[in-house]
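Naming follows writing order (A, B, C and D), and every chain is counted from residue 1.
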Amino acid sequence: MKLNLNVNGKREEIEILTPAPACRFRLNGSSERMADVTMPEPGLYSILLDGRSYDVQVERAPQHLIVVLRGHRFEIEVEDPRRWSRQSARGSGGAVETVAAPMPGKVVRVLVAPGDAVEPGQGVLVVEAMKMQNEMKAGRAGRVISVTVREGATVTAGEVLATIGEFSG
Amino acid sequence: MFRKVLVANRGEIAVRVTRTLHEMGIGVVAVYSDVDRASLHVRMADEAERLGPAPSSESYLRIDRILEAARKHGAEAIHPGYGFLSENAEFAEACEQAGLVFIGPSPDSIRALGSKTAARENAVRAGTPVVPGTAGGVNLDEARAFGRAHGYPVLLKAVAGGGGKGMRRVDREAELESALRDASSEAERAFRNPEIYLEKWIDRPRHIEIQILGDRHGNMVHLGERECSIQRRHQKVIEESPSPLIAEHPEMREAMGAAAIAAARAAGYYNAGTVEFLVDPGRRFYFLEVNTRLQVEHPVTELVTGLDLVRLQVEIAAGARLPFRQEDITWRGSALECRVYAEDPYNNFLPYPGKITRLERPLGPGIRLDACVYEGWTVPMEYDPLLAKLVVWAGTRDDAVARMIRALNEYEVGGIRTNLGFFRQIFEDREFRAGHLHTAFIDEFFARPHQLEIPSDLAAVAALAAALESTAHTFTAAPPSGKGASRWVIAGREELLR
Amino acid sequence: MFRKVLVANRGEIAVRVTRTLHEMGIGVVAVYSDVDRASLHVRMADEAERLGPAPSSESYLRIDRILEAARKHGAEAIHPGYGFLSENAEFAEACEQAGLVFIGPSPDSIRALGSKTAARENAVRAGTPVVPGTAGGVNLDEARAFGRAHGYPVLLKAVAGGGGKGMRRVDREAELESALRDASSEAERAFRNPEIYLEKWIDRPRHIEIQILGDRHGNMVHLGERECSIQRRHQKVIEESPSPLIAEHPEMREAMGAAAIAAARAAGYYNAGTVEFLVDPGRRFYFLEVNTRLQVEHPVTELVTGLDLVRLQVEIAAGARLPFRQEDITWRGSALECRVYAEDPYNNFLPYPGKITRLERPLGPGIRLDACVYEGWTVPMEYDPLLAKLVVWAGTRDDAVARMIRALNEYEVGGIRTNLGFFRQIFEDREFRAGHLHTAFIDEFFARPHQLEIPSDLAAVAALAAALESTAHTFTAAPPSGKGASRWVIAGREELLR
Amino acid sequence: MKLNLNVNGKREEIEILTPAPACRFRLNGSSERMADVTMPEPGLYSILLDGRSYDVQVERAPQHLIVVLRGHRFEIEVEDPRRWSRQSARGSGGAVETVAAPMPGKVVRVLVAPGDAVEPGQGVLVVEAMKMQNEMKAGRAGRVISVTVREGATVTAGEVLATIGEFSG
């Protein structure tokens, strides 16, 4: 079975030839390799490859897998037909700047309203978590298109809070 | 000795205090807010009482509710931990009026030292050198005046402050107004006191503090120093004892210890306390402030002195005399502490609360873990993101650093982001290993180029694990197609994980 | 220093050795049998090699396979841990012939001391008092003769022995034959040497041992004593340092330390070793045997001396000189160790292997946990049932006992039986707290009446939890009625666990 | 809902009046009590009762629940109609002595055969686990009725290995 992976932004192709425990696989069409794989706990893989021992932790995030081994963290997207749509749906909003929450928390202050003109670096809103306040600033000059949250709202990391567009004169 | 003590705190410190109380055979009453009902300090306690909703102002800062809980459960004393009400003189006073022993210094000492400006005056009287600064809280004009008189940068600090809350460095007058406003509101929220004062900025200072301990019979000793120069956002993240600087200049320990005891005595201090100093590149030390409570980083002192500070706090509060004199205190080896936070160090150390889906703890020789987390626990977003204190001891600083790296490699927290990986980088850093520490260390660390190239075999293994995991499970990811999915899962599992 | 070391062992000791090697920056090669593929020592290692099927004779005792693994992985030295091949002179010799450093004493020292009878002769030559016994392995007639000459009870011991394997107390001649047969076959299985010798039985002795450490340049020190009198089935379960007896009679430490060094020097000993003594009620000590390897209970010595014995073993094996002299060794505080076994203490301590369904570990001040278990791991039935060593340190023995009880209360292992609850009873025992220890302590403990009456509120809470759990889940218990069941589960949950 | 429990051999009746978190219940018909119950992890209950805090671990065994709190271990059977049959099926074998494995392990030696006469204390078979051998002895004089395992067999704790009956002359 062949899978296309996106490993920390780099595209890789992996082909699994035989299942665990004696797992034969091929990476990016290179020569075949054999790994001894066992799963001591769900989400935890003990992998022996070329005599080396790797304890690998795999965690599922909404868009990708987080793989941690030997203190290194990999974000890996496994490309999956049923995801293509979502893939394309994502991506930059072109000329529109989105102001997203950098962390899970609570919106304590909204400093702008739709239609306001903003300067680069001007405060848009303030998110607080664990007594730590963080002011989201506009990255560009423009006009506020939308503010999608109100004060007191609880937001998750990456959630879009406001959008800023070009001056339409 | 007390039969029952209420711990007026949460998180790792409530757990740590509970442990010593249990070892002393003392019953423990926990208090909790709604989001802490299933937190470890409640689960470990013998008794527990709800304080109120999540916000501190409605729970852990509610003096009335805490005293009511103590009365209801028949507690004889209250341990305040650190933060929250631990340095609140009104609380200490209210405890004593309610016939409860406050495990800490007297309300008068807290007043004399708790306010940074009052503490400065007290230190000056005691003959301890201080950093130039304003006499007290200032308005914008006074701030401007100080800045013009002493030049920039200046440092804004909360009069009632601690832990970097309400602290701001200001590099030019233009930034003064907004910085003052933000610092003031942050101080208001954190300490319910908006007052801000100014200090001259000392460049690349070391933060070195002295642990003091006094009984109610006039005896006082110091337990040596802790160096806490590794800070982010004015908050300590790595602490150690001994200080690498003082290890090279042992005479400084006596000098700073004597200065610390003098400043504390001048305020009639008893129980455990910490006198903080800044040390400039010329090794001159300046009084910074006194923390009139147990310090977050107290374990490094416990590991090198072999003492249990919480046990001593309780015994002192119960009226005992210090069981030793200064000459009985000895220091062995080297201890390091990492403050493990739920935060993303590669995104401005922003807090990252959430549910802990997986937990692997470091164990074995020389490791101490003071934590409040367990698998399945959700880190509340309402409080400080401190998850655990990872502390190591070894015979030398080099061995302690090696042990800390080993421990960090064994430590995994899944489901949220933590600063564990960042700590690994710091301990590998040549400057840190050389002991060249100062409070701007982390900023300069990030300024230096760090290309961590990942061994290609790791990438290959990661890709393999991801492929196996996704093939075994992805089909469950799609919520709707439930039934069919589960069959796929089994198929996938059988195929790839026989 | 070595770049890569193979650890020829499994379980907690392989994990413990791996930790220090990692701290020293040395690559670790693990070896494993089929049932240990997912064991922690393999998961933690940098490299790993399969030895063979589960039985020790086909895996951890296969000298050829281990040397082959070392060659294949380019290891420069081998750490044998304890048990298995650690006291096998042929193995040490084979390592050196293969150009590998054996981290331990020379093959000649192992021969001179590994055999208990040879060790006795050596001790006699060194002027160390010994317990009356046979000169070497005996047949039934010789055994009968010794019994008649010295009277009963007598003690049967494996010539190649250790850890109580092949050991039997015999109270009358009638039992001698079957005891000799069982002991001999047990010794055969454990050490591939069926030889058994006899010793006079000393009544209610203390077991006190001296840790010694020597380099290859003729320097040797002792690191004080460990008392290991609390034993079941001739196997230590609780160890401590200092010994409560020697704490009262400090002069004994010097005397026993000198005797231990004399016996070891007489055998040209180097690296870490332990000289075991019996101490009779009159405080006379008798040489028992020498363990020519790291001891299970070495952590209590590490905690009071502040040394890392594994690091020192490796450095000595690499040719280093001892970094200290006898007068540099200091002892601080008191350390206790519990050997946590998968066994049922209330059913003759019979082994109880199985899958670990749940694990709560003790943490916080003064706790050290050397373990090889994790949630989801299945304890194999082929090996020693040691799961973990729970070790605590505190300033005094009383505080250490209180800390151990606290730690035991935090420790839960689900899915199998362990001796954790039994340890709680021992540490609550007045005799133990008074330090009145001897090797028959546990037998006499069980002889004393213990009615632990359970507080009624605990029974009520237990009943409530059981009711909630069963109502939430019982319906899943019935395997066949799958579909319908799950609906019931949800119903039950919603009803009782909203 | 009412449940009959067997707590360490003692019969108890518990009635759950309201579900967690604010759980009202009645034990053995005594007065009603209120417990604050939460489940931090599966199989783990944090219970506040009369102001006291209990951390309760519940584990499922084939025949009963194992409940551990404050270092005390309770074996609790929840009586359940669908179990009655099994209940009655169990119990002593009357005049017949059963020799059961005291621990999980491996049968290394079988010392008797069906029909053999045995004395009290005579070895019947030897079970080994973790290098520890344990000889099962006959508790009474009699004749071996059956030996249900052979050498090398792996057995679980409590499994019947042999039965000994009276001399039938």
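Observations, loosely collected:
The rule is simple: a residue touches a chain if its C-beta (ideal position, glycine included) is under 8 Å from a C-beta of that chain, and two chains touch if they have at least 3 such contacts.
Bear in mind the structure is a predicted one, so any value in this text is a computation, not a measurement.
Where touching is counted per the definition, the chains common to chain A and chain D are B, C. The most distant chain from chain B is D, comparing centres defined as mean Cα coordinates. Of the two chain pairs considered here, B-D and A-B, the higher C-beta contact count falls to A-B. Centroids built from CA atoms put chain D at 48 Å from chain B. Per-chain Cα centroids separate chain C from chain D by 30 Å. Computed centre separation for the pair chain B/chain C is 38 angstrom, with centres defined by C-alpha atoms.
Shown for chain A are the residues that touch two or more other chains, namely 52. Multi-chain contact residues of chain B (touching two or more other chains): 44, 409.
If touching chains are joined by edges, the resulting network of the protein chains shown has some other shape, matching none of path, cycle, star or complete graph.
Of all possible chain pairs, those that touch are A-B, A-C, B-C, B-D, C-D. By the touch criterion given at the top, residues 15-16, 19-20, 22-25, 44, 299, 302, 306-308, 311, 332-333, 361, 363-371, 394-395, 399, 402-403, 405-406, 409-410 of chain C touch chain B in their complex. The touching residues of chain D, counted against chain B in their complex, run 36, 38, 40-41, 46, 48, 51-53, 55. Residue ranges on chain D touching chain C, taken from their complex, read 1, 3, 5, 7, 12, 14, 16, 19-21, 23, 25, 27, 33, 35, 37, 39, 43, 45, 47, 49-50, 52, 54, 56-60, 65, 67-74, 76, 78, 80, 82, 102-106, 129-134, 157. Interface of chain C with chain A (complex): residues 30, 37-38, 42-49, 72-73, 374-377. Residues 165, 182, 186, 189-190, 233, 342, 344, 347-348, 350-354, 357-358, 360, 381-385, 408-409, 412, 414-415, 421, 424, 454, 457-471, 473-474, 477-478, 495-498 of chain B are the ones that touch chain A when the two sit in their complex.
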